[in-house]
Amino acid sequence: MALKVTDLRVYYRTLRGEVKALDGVTFSVADGEIMGLAGESGSGKSTLAKSLIRLDGRMRHAGGTVELDGRELPIADDRAMDEFRFREVSLIPQYSMSALNPTRKIGKMVGELLAARGVPDGTAELERRLELVGLSKDVLGRYPIELSGGMKQRVVMVVSTLLDPSLLIADEVTSALDVSSQKAVATTLLGFRDHGLVTSMMVVTHDISLVYQIADTILVMYAGRLAEKAPAEVLVTAPRHPYTRQLVAALPEVGVRYEDRRLTGIPGNPPSLLDPPGGCRFRDRCPLAFEQCAEQPPFAEVAPGHLVACWKAE
Amino acid sequence: MRSEALHFALRNRKLVVGTVVITVFLVAGVVGPMTIGHKPADYVGPAMAPPSGEFWFGTTTFGQDVFAQFLYGLRSTFLVGVLGGVLASVVGMVVGFVAGYRGGWVDELLTMVTNIVLVLPALVVLLIVNAYLGVRSVGVQALFIGLTSWPWAARAIRAQTFSLRSRDFVDLARLSGVRTPKIILREIAPNMSSYLFLTFILLFGSAILIAASLDFIGLGPTDSVSLGLMLNNAARWSALQLGMWWWFVPPGAGITAIVGALYVMNVGLDEVFNPKLREM
Amino acid sequence: MRRYFGRKLLVYGLTFFVAVTVNWMIPRFMPGDPVQSMLSRANVAQPAAVEAMRVHYTAMFGFDLPLWRQYLNFWGSLLRGDLGISIWLFPTPVTDVIVRAVPYTLGLLIPSILLSWVAGNRFGAFAARRKWLDNTVLPLGYVLTATPYMWLAILLAWALGIIAGIFPVAGAYGFDLQPSWSWEFVGSLAQHWFLPFASLFLVAFGGWAIGMRNMIIYELEADYVNYLRALGAPTRLVRRYAFRNAILPQVTGLALQLGVLVAGALVTEIVFSYPGLGHLILQAIQNQDFFLLQGTFLFIVIGVLIANFVIDIAYVLVDPRTRTGMGEAA
Amino acid sequence: MLKLDGVSKVYRVGAFGGRALTAVSGVGFEVGEGEVVSLIGESGSGKSTIGRMVLRLTRVSGGTITLDGKDISSIRDRKEYYRQVQGVFQDPFSCFNPVFRADRVFAMIKEQYFPGAGAREWRKRVEDALESVRLDPGNVLGKYPHQLSGGQLQRMLIARAVLLDIRLLVADEIISMLDASTRIDVLNLLADLRARGLGILFVTHDLSLGNYVSDRTVVLRDGKIAEMGPTPLVFGDPRHPYTRSLLAAVPRLHTKWTDLPADGTAADAAEDLPCAYHEAAQESRTRPGLAEVADGHFVACSGGGKAAGAALAKKTLAKNTKETA
């Protein structure tokens, strides 16, 4: 088991109180697994992704553990986490376009980063890997502003995976891209795993159809909790959680036309996480809700590798 | 959202301290002179007397009451600050809004003018103007200060306007048939009201400092007392050599306290308006 | 980059043009006869000398010529380096008077600007690091920037000059000395230099420290900082980058503050009777020596423009973005 | 109703308009009453610029845009134009001035267009409009924008447009920032408006959305039309290699990229096809640069087959900054 998250809770401090953005999640990611982490805004997917590498100033670790390759990650301890960052857990951020220091030549910046992390000389490897994503080593001698957006994104992808991390988190890396660029980035991610540069991967996205293309499994979150995890194919074709089912049904596909088949969304809004209601958080919007839903259903395995948090999921 | 700002405002030490200091001086400047029986230039006491129960800040070489001068001086200092600050803010806003909103050659032209006035050292220009034209009243002094100190404000407001202009709500207002001046006034300006206020505070402070320098050089108002003029007199009549510290310490301390309080208030407000700077 | 400098030079050229025009225009807007008002205040005893001066100044202004001619003549003599003749020190040419004073002003300004900038930035970055330091140093910084230059100068002169008696409080060197390259003279020069320098330095230092502290705090929120942190980069590296990037707006700030710093130097010189341009301005005003005043004004404007240009060059050297030709946002 | 004829947009960039940047060149198409036309393209294709030109937020550099045969730039009274043509934009949060209550967008319409309407009568109209976009007036009136969801805000903006009895709506990427569970409902609203006789210009980068709702599709590439025609034809039988490669790159829910013929082969296959424009008979080239290959189905020259496919492959990563123009 590469990654094992147990009952993780991370809260956001705000003026009106703590937002329970991540409220008790338990799951694991196997070696070599690419797990898509899907959810809408406010589902807690970004909080989960950030928690695994670096809590920002307003986030508080409220409980639970994270284990990577059998070692517990000290996620609440910013200093102690440094040892794991980059080497064990790494991140491709959403803001790739601005992730590089604008006043340093790229090669110099990477060199200084590596030296600071105690990695001897990574230049040769760096050049090799840039070539892998179709960049010449000339980019090392340039400033970020001299590169196009796509080039910057590729540089960041290479830098993030340079130390062969055990877990790579890709946070909404395709959301601002055109379809053709999305495909290329997604394929590159797949290539990282296939070439063994990273062991496992978490691809955070709001776009299920995209993550379906490259992920082995997909984990769906809703309102700070896990809804369903299943192999990608199963999740898309035979989802068991009513939320997943409605969500997948609401996605228009090429070929589906309004006149032929009118799709519908999910009525209602997710609950506020400042003071979330007890029990299943989807129950106000759920067509199947019944009395038992006042109690939080366990995230239970209903078939091999298929976990669902719903009393009605058999 | 508004109550949130208030919540932080009341808990922001910098803002509270700054506001209290300003208020105290403002009240002293407005109410104080009414409590004093004589004019600041009257020869009311013994010459060169150190502070005492009767003359709190002592007297000048000629037996004038330094405390009375201080209170009257606060008044003109605030007046010059407010008038100069308001005028500079207005000019800066007009130039900044128009340049930022219209863009194109209007922007090019206004930016050019702004840069020219920006590069010219304001005090030195004021020296020339005041010396030749014999500017000798607080109002006119404030006018000239206002007319020379707006450029950085215009630049800052232009940049803000420029970024707000591309926001969709501006387009939506245009689609609603709202005319440009109204869009600037009712859509863009409210969004940077905190920023405009901060700009005004800084201009207020800098107007006070510029006026004090002019007064000190001897180009101050002839019809009233100001803190800068007090410094000028103290220096001219060798208060320094005579060890009359009570003559030159209060006016300088007054200016420093007012301008410093304005700056601290500014930071406090910035923290209130800008969640990023708030301490959690 | 060529465009960047081209634009800057255009602005400076226009500024110079505006300054000269203002300089030419103001005496002509002055109520009454400028020559008469100048001479009435001039401390010249002999009537013959007064008459000579009247002839000279009337010719200088050239009031009998058409305006455009006056204006062109003004430019003509300016370009020949002729700024007229001082009334206060008649018949010394204004240019000579100014050239004698400039070294003193530069001697105060350049070290105080550079040192306060360097030290203020270092200190501000350092203060942003620790909460307690930030909380104690910050208010001090604000008090310093809010202090009128002349008042700090007076306080220093009073405390260290009059009371403690460590430093002299007037002039650039001892009254009993003649300028020479002797140790005695240089020592006296340094002693007289220190207080004005210190008061300029302190006020400016406060401003830079605060500016840097705020810049660093913004910079530490930047995406590249978050990325570096996520990759476990040590604080040392992150701070180094943040400092380097926060310096850039401070360079621009230096250009913006030049006018204020020059003004500060002028009033400080007045406090210490330091024989620089500030002292000249005071004398010019007291003696109604408008030629001297105007000449000093032009000199200062030229100096500020040159300094601005130097800063622009420095900016290009420290910010790679201006060099690539893509970041022409200036 | 709306007709674009040879419309171009050239931006002057740099000081004093030193360089020119062509965002749109020679685009012509129509939007009829009760018709949804989707304008599909990647970032930098000029699709948003076209939307803004139709809304008169950006000046047209060349060609004409006409409404019922009348050049829109000749309509002096902008209000008169905006009474008939309205827009909804991509980012609902950016459309609301954050310092005011959300229903200010309605008040602005009242102030500008119906100053005489009584308060009660107006409130009724607003409530009706809100109900027509399936919002509960009690839930949204009097709230600040940050208290509402993106979906709610976007519906309010549609309600705002509907208040004016418009005939044409420009919907610029209106659902790309919404969550998956609510976006389809907003999309359905567009279809409802169409049923009421409105013409809709639906600007999007998402092929599946365009396909879902539109009657006709215009595929833009680098400011020019690559292909256009009835949606089923364009998507069912794409004739331009660019359209094909776009379709191949769209992530689908039940088909993986790997299930399609491999990357290269798809492109190669497209390249091997002869250029549809040049194949077509001379007399079918009824519009400048476009040939009518089927009824109402136009296609541009593939630009030398291979070049087009290769260009896309290269572009794959090179251009992915979001369209800002």
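We call the chains A, B, C and D, going by the order they appear; numbering starts again at 1 in every chain.
In this section, contacts are C-beta pairs under 8 Å (C-beta built on N, C-alpha and C of every residue); 3 or more make two chains touch, one makes a residue touch a chain.
Which protein is which chain? UniProt says A = ABC transporter ATP-binding protein; B, C = Peptide ABC transporter permease; D = Oligopeptide ABC transporter ATP-binding protein.
Not measured: the values here are computed from a predicted model.
Taking each chain's centre as the mean of its CA atoms, C is the chain most distant from subunit D. Looking at A-D and B-D side by side, the one with more C-beta contacts is A-D. Nearest to the overall CA centre, using the mean of each chain's CA atoms, is chain B. For this pair, subunit A with subunit C, the centres built from the Cα atoms lie 56 Å apart. Chain geometry summary: the mean Cα position of subunit A and that of subunit D are 31 Å apart.
Taking each chain's centre as the average of its CA atoms, subunit B and subunit D sit 50 Å apart.
Across the assembly, subunit C contributes no residue that touches 2 or more other chains.
Listing the residues of subunit D that touch subunit A in their complex gives 42-43, 149-150, 179-185, 187-188, 191, 205-209, 211-213, 231-232, 235, 245-247, 249-254, 256-257, 312, 315-322. Those residues of subunit D whose C-beta lies close enough to touch subunit B in the complex are 15-16, 55, 57, 78-79, 82, 86-87, 89-91, 94-100, 105, 108-109, 112-113, 144, 146, 157.
Those residues of subunit C lying in contact with subunit B across their complex are 10-12, 14-15, 18-19, 22-23, 26-27, 29-31, 34, 138-139, 142-143, 145-152, 154-155, 157-158, 162-163, 169, 217-218, 221, 256, 258-260, 262-263, 266-267, 270-271, 281-282, 284-286, 290, 293-294, 297, 300-301, 304-305, 308. Of all the residues in subunit A, the ones that touch subunit D in their complex are 40-41, 97, 134, 148-151, 153-154, 176-187, 206-210, 212-213, 236-237, 246-248, 250-258, 262-266, 269. The part of subunit C that touches subunit A in the complex is made up of residues 222-224, 226-234, 236-237, 241, 244-245, 248, 318-321, 324, 326-327.
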